[in-house]
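Two complexes, one shared chain (subunit A), two partners (subunit B, subunit C).
So, the complex of A and B:
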């Protein structure tokens, strides 16, 4: 009997925790992503298996929870928890990270008026991100690794819309999709939610020069959209202070 | 017309033969032959009202073949066809899965799937398809999402797949008096499909 190989596709990324491949599910025209957590030779074999299995199950459950409760993320198609593999819906992207980089590179080539128009769209994207994280927290789910790579853009499915790849495509017609729930958890704690926002803030401020203004829009949108935002944002102040103290010591 | 397909990631000699029927008149007979374990009737006979898209039964077939071939997993039911019905289930209860996702004596539509290893000398595509088209007495319709949605029983789907939280966050916001942008009908079906495929995929984790 030929051995089963789920992992046939093109390698998209080989990270520390996971390898991801682009492939197809059920039909050659249904693209999917296969996320594999390879075993770590330096970890104890049994412990490694348990950890791999745990992360995989946890991520699959969280993806499913979010998807069905109404927070956009990839649909889970198949899970092989023993091998630490998840097959999920392919999100065409780009990631918010790549999008912002392109935007910032492009922006210097444009005139003032054009930049203004793009700024308006960028603001809409930030609004959208704040709303999405607000929804996530309103269903008591913590992402655990909110970076701009783990936020993807997906053009809204309506006939005639095209795949988004540059800054001048209408952001108003794309949704923000959350990926990578490997470090996530279900929790209603304000502290956990505040830390989620803090992680995103650090990620934003370190990658994008004009990010302070952008992050402010995210927070403002979160404030207006998330039902539990006021306590979480108060917590965020404390988390920031702690973070600052830590960085002064360290 | 019946559909024949092999599925990415699985050995290409494994093929699914699928046909969808409405106005079915012999469901009671088919059901009794399943109970009698008559090998001539070894098919996955699925109740179409619990389906929301054509991907759903193919995904179940994929899982069944996968588990059959994976030495670490193996089948939980007698054969790959019963396993396909079981693979539609979000829980481990095999008896319930047959009752809910398989046909009943009173079914008026039927989705039939035959899975075969086409590398076997005994395999013939034409006779497989002929038999598939005649074993169910009814009107054959296209096996596609459009036809399947005509047969979907939404309340049954939501109950069996435990989807009471579907779209929870929008409901929550509505209750707080916010206006929520209405989803298109297509989007609502897609969301339902995603939730169902996810529930099936997570069966081993519940």
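So, the complex of A and C:
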């Protein structure tokens, strides 16, 4: 077993499978995220080591695959599969989930004209999300847990401008970045892609009543930006009817 | 005060139980008896033979249950039976018996979902009030949590159930089905020490066991036909006990993992294990370690309630009956497919 080591960073999230820390990589001004899969004492030690190693490598490979094929996601800096750690680029949010909450809640305080401007911006964001997922599916990659929390808004860096404060992130200047590929896989199956979209749809609809219209824009954008979209969207109809679970026979 | 008699026969166990509910008091088990159809080693139980078993024993068991409980027919308020899910022929034979009793005694019928029976009995016995439930048996593998009047399925086996995987592997090794194949695998696993590499198939909150079974069956097949298998590190021979050990360690780790994920998802620290495989002490131990690390605890019952029984059907049926639910005789069918989340749980907040 590798020696225990205290992670030099602050814990940001503790899930069932991994702990996520914020730290810095090599230089104090390079923020990074450390994803650690801790040992599970209920599992046989050999099995635990095998799984941790496999999952760590597979997640890092998916991230690299996406990055090299032009889908925005965190850059992998370093992988220590024996310790079950991936060190990657820190994406300064907000997540689409937090963003929608703030944005839509704020919107109700504004006048009609302002709302219209906000709608135009939101539409652009949805268009962008549809494009991103379309691209992801075109390279036969399944995210596995597409929720609005796993879609981040990253201010676009252009030379000469400073990274914007998150509070005034302008949609026009932001990219959509996919995070957390822990449940991802490489697959060209329509079913897998349709379930990916279904999970996102459910996440959207439970976020906000106005979200139905927003999700329609995502689907429309996906249709135009993903080569295999027609088959996937047909399959999505089936998935919607039965839910994520197939009715078991026998 | 209400009394129900419950009839269960969805698989190879025929169970009859009588329960009494008194407001603001725990349920009283007046009798709970069971007779199991045991098939010879290397064979599973076939629907036809199992149905014959149930038909030939049901009268005897009902009489015995009534006698043990000291309850008279007049005091019984309703007759509960398993509507599904399960094997067609055995379900039918028990449904016929339940209908006969209802007409003979002029009592209302209550059709019960087998899975909901397991969950409600587990809650009643352990006192776990709102746990994440792992339901593991020969026919079902589900991770369940309660929300808005339904037991919702968060994760499940996408192909065969964990119990089916264990039972079928027992057949490959020609292990006895008495008292249960899973029990005998558990005893052998206690003597195993080498962990062989078996596929680990978890996807989110779902898992699959057919690939695992295929793999370990083939591995055992090679061993049985004389091939020498050795541990890569110690060079010691791999034994059938090692196979049982490896199968349990791998399959149970998958179950604990999907349960943990569901617990994190709904923010619960209690976990309740029900169903026949829930008797397995290694599974209970692993679940206990996981729950402890999350600051919670595991609840499990012994073989009287884990393994299919009539009392759980009586209990869940009576809960529904008290909310005004009955099954009219012309609707008193049974069905092989009856998902846990189809039941409207009127008796819970």
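Please note the rule applied: the second predicted complex is superposed on the first by the 226 of 250 C-alpha atoms of A that agree within 3 Å, B and C clash if a C-alpha of one lies under 4 Å from a C-alpha of the other, contacts with A are read in each partner's own complex, and residues count from 1 in each chain.
One rule holds for everything that comes next: a contact is a pair of C-beta atoms (placed from the backbone, for glycine too) under 8 Å apart; a residue touches a chain by one contact, two chains touch by 3 or more.
Bear in mind the structure is a predicted one, so any value in this text is a computation, not a measurement.
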Which partner does A:79 contact after superposing on A: first (subunit B), second (subunit C), both, neither? first
Tell me which partner A:17 touches in the superposition: subunit B (first), subunit C (second), both or neither. second
Scan A:40 for contacts with subunit B and subunit C and give back first, second, both or neither. second
With the two complexes superposed on chain A, say which partner A:50 touches: subunit B (first), subunit C (second), both, or neither. second
Report for A:139: first if it touches subunit B alone, second if subunit C alone, otherwise both or neither. first
Counting only touches as set out at the top, which of subunit B and subunit C does A:67 meet: first, second, both, neither? first
Chain touching more of subunit A, residue-wise (subunit B, subunit C): B
Go through subunit A and flag every residue that touches subunit B in one model and subunit C in the other. none
Which residues of subunit C touch subunit A once you look at their complex with the stated criterion? 153, 156, 158, 195, 197, 200, 203-204, 249-250, 253, 256-257, 260-261, 263-265, 285-287, 289-290, 293, 337, 339
In the complex, the residues of subunit B that touch subunit A are 5, 7-11, 55, 58-59, 62-63, 66, 69-70, 72-73, 163, 165-170, 172-173, 176, 184, 186-187, 190-191, 193-195, 197-199, 201-202, 204-205
Contacting residues of subunit A [partner subunit B, same complex]: 1-2, 4-6, 8, 23-28, 30, 57, 60-61, 63-64, 67-71, 75-82, 87, 89, 135, 138-139, 157-158, 227
Can you tell me which positions in subunit A touch subunit C when the two form their complex? 15-17, 40-44, 46-47, 50-51, 144-145, 183, 245-249
